[in-house]
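For reference, chains read A, B, C, D and E in written order, and residue numbers begin at 1 within each chain.
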Amino acid sequence: MSDLAYESLEDVEFPDDIHTTSTGISNEKLGMWVYLASDCLLFGGMISTYLIYKNRPGEIAGLSGNTHKVSEYFDIPFTSMTSFILLMSSLTMVLAVNSVIRGDLTRLRLWLTSTAVLGGLFLGGQIYEFTNFVVNDGLGFTSNVASSSFFALTGLHGVHVVVGVIMLLSMLAISFGTRIRAEAVEVVGLYWHFVDIVWVLIFTIVYLIP
Amino acid sequence: MRNNRKSYVITGICLAIVLVLGYLLVTNIGSPVGRPLTTLSPRGDKSQAIQNLIIPVFAIAGVVFILVEIGLVFVVTRFRRRSDEVDGKDEPVQLHGNTKLELGWTIAPALLLAVLAVFNVNTILQMDDATDPLEVTVIGQQWWWEYRYDLDNDGAPDIITATEAAIPVGRDVRFKIQSNDVIHSFWIPALSGKMDAVPGRTHQVILQANEVGMFQGQCTEYCGLSHGLMRMQVKALTPEDYQIWLTAMTTSPAQPEPKNELAVQGQTLFVAQCSYCHQVNGVTPTSKSPYPYSTVPDPDYGKTVAITMASGNAPNLTHLMMRQHFVGGLLDLYQEGGSVAQAIPEGTPDTNNIKRWLRNPEDVKPMNPNNNQGMPNYNLSEAQIEQLTAYLLTLK
Amino acid sequence: MITRGSKYFYGAAAVGLLMAFAYGMITGANNNGGLSEVLSSGGLVNSIVGPLTFGYKGWVGDQIGYSILLSFAGVMAVIGGFLTAFRDGDAESLIQIQGPGTNSDNADLRVVTPQGLSYWPIVGAFSFGLVLVGVAMSGLLVGIGCLGLVVVVVEWTVRAWSERATDDPETNRALRKKLMHPIEIPVAATVGAVAIVFLMSRILLAVSKTGAAIVIILVAVIVFGVAIFLSSRPHLKRSVLVGALLLGAVLLLAGGIAGGISGPRESEHHSGTEEGISSLTSGPSGHASSNESTSLDRLTVEY
Amino acid sequence: MAIIEDQRPLELTTGHDPVAPEAPSPLGVFARPKANTGWRSWVNTVDHKKIGIMYGVASFFFLLVGGFEALLIRLQLSVPGNQLLSADLYNQVFTMHGVTMVFMVIMPMASAFANYLIPLQIGARDVSFPRMNALSLWIWLAGAIFFNSSWLLGGGADGGWFNYAPNAGVTFSPGTGIDFYAIGLLIMGIGSTVSAVNLTVTVLNMRAPGMTLMKMPVFTWMNFVVQVLLVFALPVITVALLLLTLDRMFGAAFFDASKGGDPFLWEHLFWIFGHPEVYIMVLPAFGMVSEIIPVFSRKPIFGYPFMVGSGIAIGFMGWGVWAHHMFASGMGQLSVLAFSLSTLFIAVPTGVKILNWMATMYGGRIKFSVPMLFSIGLVGMFTIGGLSGVTHAFAPADTQQTDTYYIVAHFHYVLFGGALLGMMGGLYFWWPKMFGHFLGERTGKWHFWLMLVGFNLTFGPMHILGLQGMMRRTYTYTSVQGFSMWNMVSTIGAFIIALSLLTFMGNVVFSYRKHRKNPVNPGADPWDARSLEWMIPSPTPEYNFAEIPVVEEFDEFWHRKYGHDENGRLVRIAKTEDVVESSDPVTVHLPSPSYWPLVLALGMPLVGYGLIFNLWWAVPGVILIVAGIYGWVMEPSTDPDAGHGHDDHHGEPDEPEATELAAPETVEAELVSASAGSTGVTAEEGDSK
Amino acid sequence: MSAAVTELDDDSPVNPGEHHTHGPTDGQYFKIFFLLVGLTALEVSTYWWDDIFNADTKKIAVPVLLTLMVIKFFLVALYFMHLKFDSPLLKRTFYVGMIVAIFVYVVALSVMNFWGDSGTTHFNDPPIDPPAPFCATSSKPGPCPAG
């Protein structure tokens, strides 16, 4: 059985899905997809929460803070830029996957780095945006339910991106030390694209549709 | 070939037991006597409508129950393994299924339910019908209910009372249900189903009493410490009695007579001590801002009303003695008890109950006044309690 | 089993702990009216409880001395723990390293002397310098310096230990990796990510609103472009790659520091930028700029 | 696949291996765990069977805890005006009872069976991610202990198990109980998500050759549905709990009506999770019963495709009915109407199951063994609960019934009479397979009858009480309300249940003692059963299958033993002894134990305490979590040093860190050698995710 | 891709399919990327539509945006995430999650009256109906009879 592994590089990248699982799909990949399917419900819930609250900055008694909707403070040109950045990072991610499939470790590292850096830029942009809301617009997390749900949603997405960036960088580090498996890169890539997809939704539903 | 007598006998006995028990239950549990909250003894047309749905539903559920359970007993006894049977001989036929049969018992219940669903829809749509309803606003709070009657439709309530609402027999009543803090649920089982009181929303329950009576109710959505004791009553009066009640409730009670010294002192004490939360129209100051009793104000609760009629979030005591119960119906105000609805209660006041309350409210009902939930214990002296009681008795 | 080497450290830890308690108790009592006063007035409980609860309840007099002693005890205990765990100074493992025939007394320590270069002393010295400078200049530097020192201590210890863990340098290196990578990689990754995010957001905050959009996309396009350019070359030289990375890092660092120092832009008077003008001419246009000044007043800046 | 075939003989199973004495590792406590026996072997295990057993033991412990709380409830309510518990304490007790029973008894007990049996039933050697399996156990346990520690740290949660806002907000519940609820459930939710993903992948990916989906045993099928439900339901409650935590700890106002929040959001999110959750609790028991009834009726399950299909249908329909818990909430007539109708029809697939079980027994030759008794009990009792469920699917009727003891009766009939009875049957059924000896049959019958009688005495009267208007969650009632008699009956019933559980515990102890004195192995196939797990020796060897079976039919094992004659009657075609596996494994290679899951899990409650009391406590927690994750990722899932010496990883170039970039040729070599060493080893490293 | 991978039930592991084919080439990825960028640019442009065209165009912006969003979503999922090329099982897994999410949350939003949200700062709309029109001169509900 194991000689199969030597047959060609092609097989080597997926050493474990040959003749081993019932569906022919590796456990990790299937597991990641199942997890992503589950994450749909998570982000769905957060997005719904935002939708319900977005027009309720709450001018009723007892409210503390700002009575404006978050959407009044959006800086669409800036956020579009960060959206483009996330798209770029998705591209660099697939390029990384293609590199590792080719066995090109050098380019794998190059693309991993650029993906992580782009992710970092996106996060930097988000911090900038949050700071702007808080400092310049006076709209904090507890200002009103609309802003709370906005920060909770984008914050949760941000946490996903942070985790993604850290996974990418760790992957980079591991690629120097030990062997790296194409499968692992691909699975991290799936996660990364999912985060991108979620941003596609958030950008349209939250930012562009007032 | 097999002797199945035993199986039939057992099945028969089980069926008999079930039927007898069922009969006993059906004839017994519905009786309202001694069970003030029973759901099976409707006294209003909405609860009757519900009953009309429940009965066929229960009947069909009962039939399915008997079929399945008796069938189970039969199958299990009939096909039990007997002592003379050995493995490998006369083994069962290996039946893997029967698609027709299975489709049958997929479709049959579905059809049955579809038929019932029609009644269901019908009843649901019926629940919100009302003609010329009397509107009463109900506000749930930890852990008592307030009622407001806006008789002239000017937006400002004309009667504010607690615990006990009065309605005329035969007229639709629309209870508009709000909450002042957490979710409660308004429920007078004899008259209608439940409806939650949700802070920030106004819900409605429509009901109509078909006979005179004092109908018990209970908060049924878990609302914290004293949820279990958050009770209320609706007293249904004849239209004439209802008019009498209205008149009495809209005229202010007389000031205590000067020779009733205790009561006069009680009034002073009341204004000094109790008006922080309680209101007696015309006596206590009205301009105080609402006591920060709860943090979930209804949009119009506290704003308009506080200034005119209520000091804080505690029962308005103006017509305390017009009621037959207080503290959410836990205690009676009159010695004769409160089970018969009277427009203007008659009888000897039960001062012991009032004193018991004033002595230590938390003994009657667990509350948490430190967190602004409920009435604190003021450690009143017996003398003060006497005075206050004397004063409260004048509030009729 | 508690190994020989670690015993000393445990001892030191215990002594340190006792000293810390005694010190805290005595100084605490002193601060509250002197020892005899405390004993007579029943404050004894406070002065005992104080050091026991690390000053949470009760009294601790001189916090700094107390903390130093406590930290000493803590460090000693941790080192002792390490040594126990790694069986340093354990007769059996020494014997194992040096082969049969030796016993712990005649073990040749040269055999287990560390070999190879280590950068940690330099980093340590640098961190120490930072602390010194920081004491004079800013708390941030002290913090960074201390952090550096901690890192050095840990890394150095582990390295020193690993180099004499067995007599096979290969295995030793593997051991070190096995132990340290789970800590190094996440820390490095996080530091990397945080650095990018933090510095970038400083730069963005320093420029104008439109500027921010331009800057961020520019940086991204540059990163992206350089990556594409590099990958399109048939043979990637390592030095080029490293050079590009370094250059990027330096630029980001410089920009971030500059941005941080110049501070966040002030939304109102940012003369000369398109943004200032447009907000004057076209009005709110979806952004409640008219509100900005009022809301600004109410706010405590969180950054 | 987790386990590869290797040409060397297995060395792992015997425990004390004279050949390889424990070489002292220079890493001391940081070394890879090796223990195969003793408590250490349980702490570091990644074996699905050990994990399953630990789930079982822990959940049984929590059954006693939750049951103890239930007994307190019943004692308090036994007479009107009882002073045993204060209102405050009572509220904590019933909340903790509900949460404990749901999240710490029924769900993990189902997990116990799922973990133990799914790999066996599909012919696998372990689950797809063995270390993740250990992780989910430890996280769940950490969360459960964390949650119950609230008793000692300021009082338990007191918001009811569905914890409606705004009563659960800081304003009205200023204590820490509800924080424990929120964070405890979040932690347990993480554990369950991990396990659900794991088991979903296991069922899809680890089946033995020939085991297509429609040849899987019904138990595996039902658990598969449950895992999928979990995968989708847990994130919803995670959202709700996150929002609640933000409200309570970070000053948001998602559920605070005074600040524009909407209490309905909580209700919806909770029940979107909550209703699938009730099927999550009952379907595993349905699965067990579907295994037990055919065995003791000596007939195949009636209508296998319908059984599977109805399970899937229940799973799907379960997503469209959640608001039937909110009929009285005032959500509006149209919504009530829609949800009332959808709820009605969920009775259909469940009915199919009940009737198919009866059809399975029909014409069979029923042996009243203890597992069978419990299964029959389930069929009878669940029907009662299901029918009362249907009566409150009619929304107007429900407005009279909701929040009364009628509901309490309903859900105990489905939860106790469904889930718990089924699992009790499961315990008796699979006990010989798990532990190599029978539970006492006669004591078991005592257990069953006591339980059945006690159960009906406890919860039967609650129907009457509820219809007579007794509301739930009331800490007391007055004598004029007319609830006294049935409450007393119910309390007596509860103690009979307690007695039955004591009988069960006695049974466990005594049957074990008896077995110790006079060991009698029940053999691979004590019940003459049908599915694959009965093909292997009892107790299950560590490697499960010496040789992975090739499956040709549904009920493969049965068909290897029996055929039928021209009348369709059962005839034997092979002796059991000839069909079961003899235990001489040749080529098995098992995943190695690991500490990291435990380390990671330990960090979670620390973070929880940190959030509640003082953030500094979270620091060690985070460190543990991060160290756990990375330690795990860097640790090969199969210990290269385990047992058979250094084989796999030595080919791997031991690159000094970050040296020069490898030239393309080197890269290839690297990849090849890596995979050479790792075709199998790397196999379950996805695990590391 | 072999039939074994396509059909869940035929995938007898005794004889599983060969290795699956790999996704697009780098060049194809670039094309998709530029497509995505273009779509996003289009999306962003809606922000200025009322300035550029006239105010009415904002109305069609929402459906346009939603369509573009869905297209982008599937471009990323199908190509970047290889769903198009991988085993259909993965597609099904993901779609089931997506569909459950959409179904559940759309229903929940509807029940919470999201679509009719009046935008008031108070709750969307208390489900109490306005007082039935009632005519003082007639005993029946409804508006007064003519005349």
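Everything below uses one rule, namely that a contact is a pair of C-beta atoms (placed from the backbone, for glycine too) under 8 Å apart; a residue touches a chain by one contact, two chains touch by 3 or more.
A quick note: this is a predicted structure, and the numbers were derived from the prediction, not measured.
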**Fill in**
Of all chains shown, the one whose Cα mean is least distant from the combined Cα mean is D
**Message:** From the C-alpha centres, identify the chain that is farthest from chain B.
**Reply:** C
**Asked** Where the CA atoms of chain C average out and where those of chain D average out, how many Å apart are those spots?
**Response** 42
**Fill in**
chain D and chain E have mean C-alpha positions lying a whole-number Å distance apart equal to 34
**Asked** If you average the Cα atoms of chain A and of chain E to get two centres, how far apart are those centres in Å?
**Response** 19
**Contacts with two or more other chains, residues of chain B listed in rising order** = 128, 200-201, 203-204, 295-297, 299
**Request:** Find every residue in chain D that makes contact with two or more other chains and list them.
**Result:** 204, 207, 211, 231-232, 236, 258, 260, 262, 264-265, 269, 330, 333, 630, 633-634, 657, 661
**Complete:** Check: chain A positions touching at least 2 other chains come out as 21-23, 25, 29-30, 34, 37-41, 45, 52, 56-58, 60-62, 77, 80, 84, 88, 95, 106, 109, 170, 174, 177
**chain C to chain A touching residues, read off their complex** = 177, 181, 184-186, 188-190, 192-193, 196-201, 203-205, 209-210, 212-213, 216-217, 219-220, 223-224, 227, 230-231, 236, 241, 245, 248, 264, 267, 286-288, 291-292, 294-296, 298-299, 301-303
**Complete:** Given the complex, residues on chain D that touch chain B span 86-88, 91, 158-160, 164, 166-167, 171-174, 256-258, 262-264, 297-300, 302-306, 328-330, 333, 336-337, 340-341, 344-345, 347-349, 351-352, 354-356, 358-359, 361-368, 376, 379-380, 383-384, 387-388, 390-391, 394-404, 464, 467-478, 480-482, 528, 564, 567-572
**Request:** Would you tell me which residues of chain D are touching chain C in their complex?
**Result:** 24, 26-30, 626-627, 629-631, 633-634, 654, 656-657, 660-661
**Fill in**
chain B contacts chain D in the complex at 25, 29, 34-40, 47, 49-50, 53-54, 57-58, 61, 64-65, 68-69, 71-72, 75-76, 79-81, 85, 87-88, 90-99, 101-102, 105-106, 109-110, 113, 116-117, 120-121, 123-125, 127-128, 142, 177, 181-183, 185, 189, 192-196, 198-201, 203-204, 218-229, 295-297, 330, 366, 371, 373
**Asked** Across the complex, what residues on chain A touch chain E?
**Response** 10-11, 14, 17-19, 21-25, 29-30, 33-34, 36-41, 43-45, 47-48, 51-52, 55-60, 67, 76-77, 80, 83-84, 87-88, 90-91, 93-95, 97-98, 101, 186, 189-190, 193-194, 196-197, 200-201, 203-205, 208-209
